[in-house]
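The structures come next, written out as structure tokens.
Two complexes are shown next, each including subunit A; its partner changes from subunit B in the first to subunit C in the second.
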Partner chain A sequence: MTQPFRLPQGGLIDRARLIHFTFDGAPMTGHPGDTLASALLACGQRIVARSLKYHRPRGFLGAGLEDPSALVTVDAGQGRIPNLKATEVQLCDGMIVTSQNNWPSLQRDVGALIQIAGRGISAGFYYKTFMWPRAAWYRWYERIIRAIAGHGRIDAGADPARHDKRQAFCEILVIGSGPTGLAAALTAAHGGATTIIVEADFLLGGSLLWDQGQIEGMPAREWAEDAARDLATLSNVTVMPRSLAFGHYDHGQVLVAQSCDAGGAVQSVLWKIRARRIILASGAVERPAVFPGNDRPGVMLASAVRTYLRRYGVAPGRRAVIAVSDLEERRRTRADLEAAGLRVVAELDDPSRISGTSGGLIRGELVAVRYRGEDGKRLRAGADLLCVSAGWTPTAHLAAQMGGHLTWDQGANCLLPAGATGPMRPAGGARGALDLAGCLADGKALAHRAMGELELHVPMVVPLAPVTPQKTVKPGTRGGKAFVDLQNDVTQADVQQAVREGYDDVELAKRYTTLGMGTDQGKTSWANGIVTLAEALGRPASAIGHTTYRPPYSPVQIGTLIGAETGTAMTPTRRTPFHRVFAAAGCVFQTSGDWLYARYFPLAGEDMAEAIRREVQAVRRSLGCVDMSTLGKFEIRGPDAARFVEELYCNNLSTLKPGRLRYGLMLREDGLVFDDGTICCLAADHYVLSATTTRRASVWRHLQMHRQLRCAGMDLVLTDVSEQWAALAIAGPEARALLRALAPSFACESADFPFAAIRGGTLGGDLPVRVLSVSFSGELSYELCVPAGYSEALWERVMTAGQAWDICPYGLEALDVLRIEKGHLSVGTEIDGRRTPDDLGLSGLVSTKKDFLGRALLARPALQADGRGQFVGLTPVDRATALPFGAHLSCEPYVAGAQPALEGHLTAAVVSPTLGHPIAIGFLRNGRARMGERLWAHSPLAGVSVEVEVGPACAFDPKGERLHG
Partner chain B sequence: MAEPVHLAASSDAAGPLDAVCGLRLDEVAVPVHVLAASSPARLEAGLASAGLSLALGQKRPCGDGMLLRLWPDRCWIVGEIPALPAGMVPGDISHGQTVLCLRGVEALHFLAQHASADLLAASVRHQRTLRCRVGPYDVTLWWETTRDLRLAVERSLAQSMVDFLRAAAQRHWPAPAQS
Partner chain C sequence: MLIPCPNCGPRAEEEFAFGGPVRELPPLDGTADAKAWHRALHGAGRAGGALPEVWYHHAGCECWVTLRRDLASHAFEKAPT
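Right after this comes the complex of A and B.
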């Protein structure tokens, strides 16, 4: 396709080269330097989208990221990406572009028939309709609305593009590269500050790229090019084009999404830039005017028209009407239009004089503008381009994101930011200084001030440019759809209706009408929205306020936010020291927290249930081994180590002798159980504590906090050695025989090494080891702890020596079954942050002779009251029906729709391979007094109700005889 | 003393990280001990009496090894343990910390793009040691030259972090921040 609207000369494009692309299948061309929007306009494609609600034809209102309408789907070889603004997409060869939100075609969209409904689908219509019949909501309404609503269609395939996240630091971050940004960056850079300048566009210069002004005796565009070259040569400056600063966070952090060159190592980078000072030079967005038919293709912001003419060498039309409120802007627009050879058929000093527009019969694009003459007469001008401007709105979103409130300034007739928000300093257009000289002065002044604040040079009080006053342009009031928000199809009438229906607060009006929502976030609509609301309410605009600004300022691809963190790299994964040998042994792993934990070890042809049953039976009958490395291990050394341990645990530990260990219960300050574990006494001044895997990090923090606060004067040293030790527990009747076979350097017979003891030495004379006689399975068990680097050596020895007893490695699933059979506690299921020692049946552990952390609040009446849930075991009466996970306990069977009084709940349920029937543990109101009682365990979700009998939590070997071999 | 038993590595880091950016990542076996005291003052006194005075946030050589003080009340001894005053007992964490060696002309710049702290700040380049996050991993860093960095990470996270650095290296070139 030729480019009928390309001007014969001008523009920052490379006319010597052609770029080929397609739009809705039609081949088109552009040039390097074009955006997709400028290329489409050059090819005469003035309609590019259909609006969200009414499916009205839409063209380009703007020329940058402020454009609300021109959303398209782009496939540039990296998958199909919907909802890109054509005005932001840099044109590249082979790009496949499709329009959105239309059927069967953009030109003839059936969806446009929805306009017939007219006022029936005004603001909030979906709150008032689709009410009945009730069943129709899910059956029809939702499906239909989902099919109609929304922009674009996401590519369901995996994103082939590569993204990354990076960090950067600087003294001064400049956001925007217009006159203010360039002036600020040059000042900061030449002042010696490490400077980063980010620009959303692929060229630096902002408005200077199309401005007619002169700077330092040279055309503005040349000055911008010179400044960009200067910055590129300075070693303390990083220039980041195609980088959108979209979020402002605490302590000077700004998130920037950078698009990279096609064919590079990455397609986008999410930068987390932390700056000591941020100069917000994001400029201002021109405000459209509100009048009937203001959304037709051909109605454009005056600045956008000038951009297309001067930067891209594209004529957006042939016959133009100018309706610009500012005299200077109007003069420059006319000059640019005439210089490009376009005919100006009418010039209005106030856009509110426009009474309507007329469009083509089929395509709806602008063919005429109706307006009132200076004498009040109704006039009509045939035109295919209407250049409008109702003033400028500072782009201060980033300043407002951190809670900086914007204030409506009556003189400037717009929302203005405060002078400073944390380290951020709005400058130039972003604070309402709109003339070129003012922007340049503002950039310099704020850079000097920032450097003064950072003590990079002497403090300087450089005056800032004054805020530019702007005329008030009232929204049009005549018939027809006058759009306040083009992206969300919100009309002036919608806003007025919201006010009539009581949604008179700015936040409510936004949600009722969708004004300022969506990917646009109100860039071109909020100022007019505020004026419209103010008029409807009869209040000054300054009394309206604004809604909360949140990141992102403009849409960012999900892939960019994710970076490289996909698949297995999504989160950090912890592997135990045995991971490699377990993998070689055919282990099936599962994630448990951030750990990759051995789940079970299937034999050939075995499913999970069979493997777990075999593993459990091996432990009960002979010998098994399990990885215990994930437990926390903390060493406490020093003369006050014993006192410190006494403070932390509710047990009496004064009788714990060197070489022995004890099960301990740690409470929180509020008296509830925090964690459990073992306390090993290696010497009078040397203890090792263990913590559960789940609470490892929090117990370490807990220890440090109490070391520093409650026990500040104590002489002791804490060391986290959790990662230092690999631990493999051998469990089963043959555990001692295996330990003997491993040739420990210490006596390991029952009399020498009883239950609840710890020994240190070597295995086989060369493998350093600590052995704990402790059990979670209820069987005779030894926990063999070796320095983690020797884990594989330990595994080899255990498996080799264990062959004599058919040793069976087992995983987390079997471990869970074993502990449920024994009624042992697990953090997260039984120790769930709501239990006292008594609830868990462990009140006997709580010392009455000493003070300990949590003691005072454990005595609270509520924690001692009757009726608390107590830890019990449950068995189905028929000894056959499996108990549903998470079942509730009540005195009556479950009846659909009924809500029986709850007596408790199950925390874990399994079919016990040892006992041969299902068992469960859980909490029951006054459970210990209800032994033998029959209740119902029911799960409304599973639709199951099972009669159960209450018993002790420990269902196997209640006397613990097997522990001793 | 020679290791009596075969020492298993905690990651597969052994060789070029990425051919394009010329970085190399290796896991190195080096003794790491933690020397702690009940208070910062006691630690300082203990270090001073051993002739190893060291301010917070700094490192210094000690014997064939290195002393890193990145916590108020404890420091790390990387390498051989020097003579210490009675009562100061270092705890062995050699097996719990995986020490990775990142080498290459761009080593520091590469890491700086993923570190939560400004590794290129003058103070950091002067101290040449700090604790920070690299990506989502807590690491302890030290270096003598910017082309040869040491990263200590918890053993259980070592493989995951190596995978992260590999993914980052694949994305490292060309550096898109430069205009």
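Right after this comes the complex of A and C.
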């Protein structure tokens, strides 16, 4: 397709090369250097979207990220991305672009009938229309709203693009590369500061790329090219084009989304840049004017028109009306239009003289402008382009995001930022200095000041540029829709109505009308919003204030924010020392926290349930082995080691002798149970504590806190040895026989090596080992701990020697079944941060002879009161019906819709292979006094209610005789 | 935030775990009752201005460090410049 609106010459485009793309299926072309917007305009595509509420045709108001309307869906080979601003997308070959928010097509849109149908959607429409009946919300309203409102559709598939995150540091960060930013970056760079300059556009230069003007005797655009080249050669400068600074955070952190070249390793990088000083040179956005029909395709900001003409060599129309409030801007606009060969049919010094626009019958794009002449006469000019400007709004979002309040300046007629917000210094257009000389001076001055503050050179007192005064432009007149916010379809009448209905605060008016919401965040709309509010309220604009500015300044893809942390890369994957041999043994793994932990070891043709049953039976009848390496292991050595351990655990440890271990409970300061584990006493001054896998980091932090902040005077050393040991527990009636077969260097008969003891030495004369006689399964069991590097040697010996008893490796599932049969506790399920030792049936462990962390607050009346949930076991009365997971306990059978009084809940439920029927454990109010009572376990979710009988938490071998073999 | 670790220098917030305000807990010698512990644990007064807090530098020196921070501005008393 030809480019009928491409000018014969000019623009920063490579005319020698063509780029092909499609828009709604139609083939189109552009050139390198084009944005999607400039290419569409060159091809004569002036309507690109339908508006949010009224489905009015919309084109381009702006030429950069300030554009509120031209949202499209783009597929550039990396998935379909909705809601991109056509003005921001760098054109590339093969792009598939589709318009949004229209049905069945952009030209013939059904939703547009809404505006014909009547008064349409005014402020508070949703609140007023979709109110009752309540049921209709779910049945009808939500569907209707979702069908007609909103923008593009999200691609629900996985993001095929890759993203990354990086960090950077610098002394001076410059945001923006217009005259202010380039002057600031050059000054900082030549002063020797490490400097980063970020620019959202793919070219450096900002307004210099299209504005007229001379700098240092050369055209502004050439000066910008020189400056960019200069910066690129300096080793202390990093130049980052296509990088949007979108968030400003504490202590000089700025978040920057960088788009990368197609075909590169990643599509985007999220930079976290820390800077000691930040120069905000983000410039200013031109303010549109509010008049009836100001949203028609063809109505454009004057600066955007000039950008299309001069930067892209594109004529956005043929016959133009100029309505620009500032004299100099008006003069330049006319000069640029005429230089490009467009006809200027009318020139107005005040956009509020426009009384309306006329659109084409079929498409609605601009065909004429109606206005009042200087003598008040009503005039009409045939035109397909209307260049408007009501002044400029400084882009100070990033300063405001960190709480820097903006104030309305009467002379400048806009919101201005404070001089400094933390390390951020707004400069040039961002603080209201709008002329070229002022911007250059301001960038230079603020860079000098920043270097002075950082003591990079002698402090220099350099004057800042004055804030440029701007004329007041009154918002439009009655008759027809005069839009304040084009993205959200908020009209002047909506704002006035909000005030009439009492929503007169700026935050309330925003929410009631949706002014300034959405992806646009009011870039082009808030200044007019404030002026409109002020007029409706009869107050000065300075009394209106502004709403809260929050990141992101402009939309950032979710994929960019996530970076590489998706799927299995979300957290580091930790493998235990047995991973390789387990994998070779056919293990099925599951994630458990960071760990890939053995879940079960299926035989050929076996499903998970069968494997679990077999593994449990092997442990109960003969012999099994399980990985214990993920437990936290902490060494404490020194003369004060015993005292320190006594303070941390509620158990009485004075009777714990070297060579013995004890099950211990660690409480929080508030008296609730924090973690359980073993306390091994290797010598009077040497202890090893274990922590639950999931609590490893928090227990370590707790130990460190107690050590460093409260026991600083104690003579001891704390060491985390969790990763130094590989641990394999052998469990079952034949465990001692296997230990014997492994030829330990110490006696292992029951008299010599009783339960809850520790032995150190070797296996087979050469494998160093520490053996703990502890049991989680309730069977005779030994935990064999070897230095982590010997894990595979240990595994090989255990499996070889264990063959005699058909040793069966088991995983997390069988481990869980075994512990539920025994009523042993698990952190996270029973130890859930709300339990006292007594709730868990462990009050016997709590020492009354010493003080420890949590003792005093455990005595609080509520923790000692009658009626607390107590740990019990539950069995279905019919010994057959499986108990629903997570069921609640009640005294009556479940009746649908009823709210039975609850007596407790289940924490775990399994079918016990050992007992041959379902069992569960859980908490029951005063449970230990209710043995034998019958209750009901309800699960409305599962639609099941089962009659259960209360019993002890330990369902198997309640006297614990099997522990001793 | 950029947290000025006295051992490691200014480091990113992600390297730290927060431990709450500095608390003067009673000694573990059996003398303090629940009331005394409750006051020490939950009753830290907020006088306004900078509050002393503890941070655990898990990705650095593994020390619990005490720093004073203004809760309104997040400025640390020895804040990095």
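The rule is simple: the second predicted complex is superposed on the first by the 945 of 965 C-alpha atoms of A that agree within 3 Å, B and C clash if a C-alpha of one lies under 4 Å from a C-alpha of the other, contacts with A are read in each partner's own complex, and residues count from 1 in each chain.
Heads up, the rule we're going with is that a contact is a pair of C-beta atoms (placed from the backbone, for glycine too) under 8 Å apart; a residue touches a chain by one contact, two chains touch by 3 or more.
If you're wondering where the values come from, they're calculated on a predicted model, not measured in any experiment.
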item	value
Per-residue touch tally on subunit A - higher for subunit B or for subunit C	B
Which of subunit B and subunit C A:T568 touches, first, second, both or neither	first
Subunit B versus subunit C as contact partner of A:A697, first or second or both or neither	second
Touched partner set for A:D766, first subunit B, second subunit C, both or neither	first
Which superposed partner A:R274 touches (first subunit B, second subunit C, both, neither)	both
Partner chain in contact with A:E222 - subunit B first, subunit C second, else both or neither	neither
Touching partner for A:Q253 - first (subunit B), second (subunit C), both, neither	second
Subunit B versus subunit C as contact partner of A:K850, first or second or both or neither	second
Touched partner set for A:E635, first subunit B, second subunit C, both or neither	first
Which of subunit B and subunit C A:D505 touches, first, second, both or neither	neither
Subunit A residues contacted in one complex by subunit B, in the other by subunit C	167, 274
Residues of subunit A touching subunit C in the complex	167, 250-253, 274, 276, 454, 647, 669-670, 697, 701, 704-705, 708-710, 850-853, 855-857, 859-860
Footprint of subunit B on subunit A - complex, ascending	162-169, 232, 238-241, 258, 260-261, 264-266, 269, 271, 274, 564-565, 568-569, 571-577, 579-580, 595, 630, 635, 637-638, 714-719, 721-726, 766-768, 787-793
Subunit A contact footprint on subunit C (complex, rising order)	1-2, 12, 17, 19, 25-26, 28-30, 32-34, 36-38, 41, 54, 56, 58, 62-64, 74, 79-81
Touching residues on subunit B, where the partner in the complex is subunit A	4-8, 10, 20, 29, 34, 36-38, 74, 89, 91-97, 112-116, 118, 120-121, 135-137, 154-157, 159-161, 163-164, 167-168, 170-174, 176-179
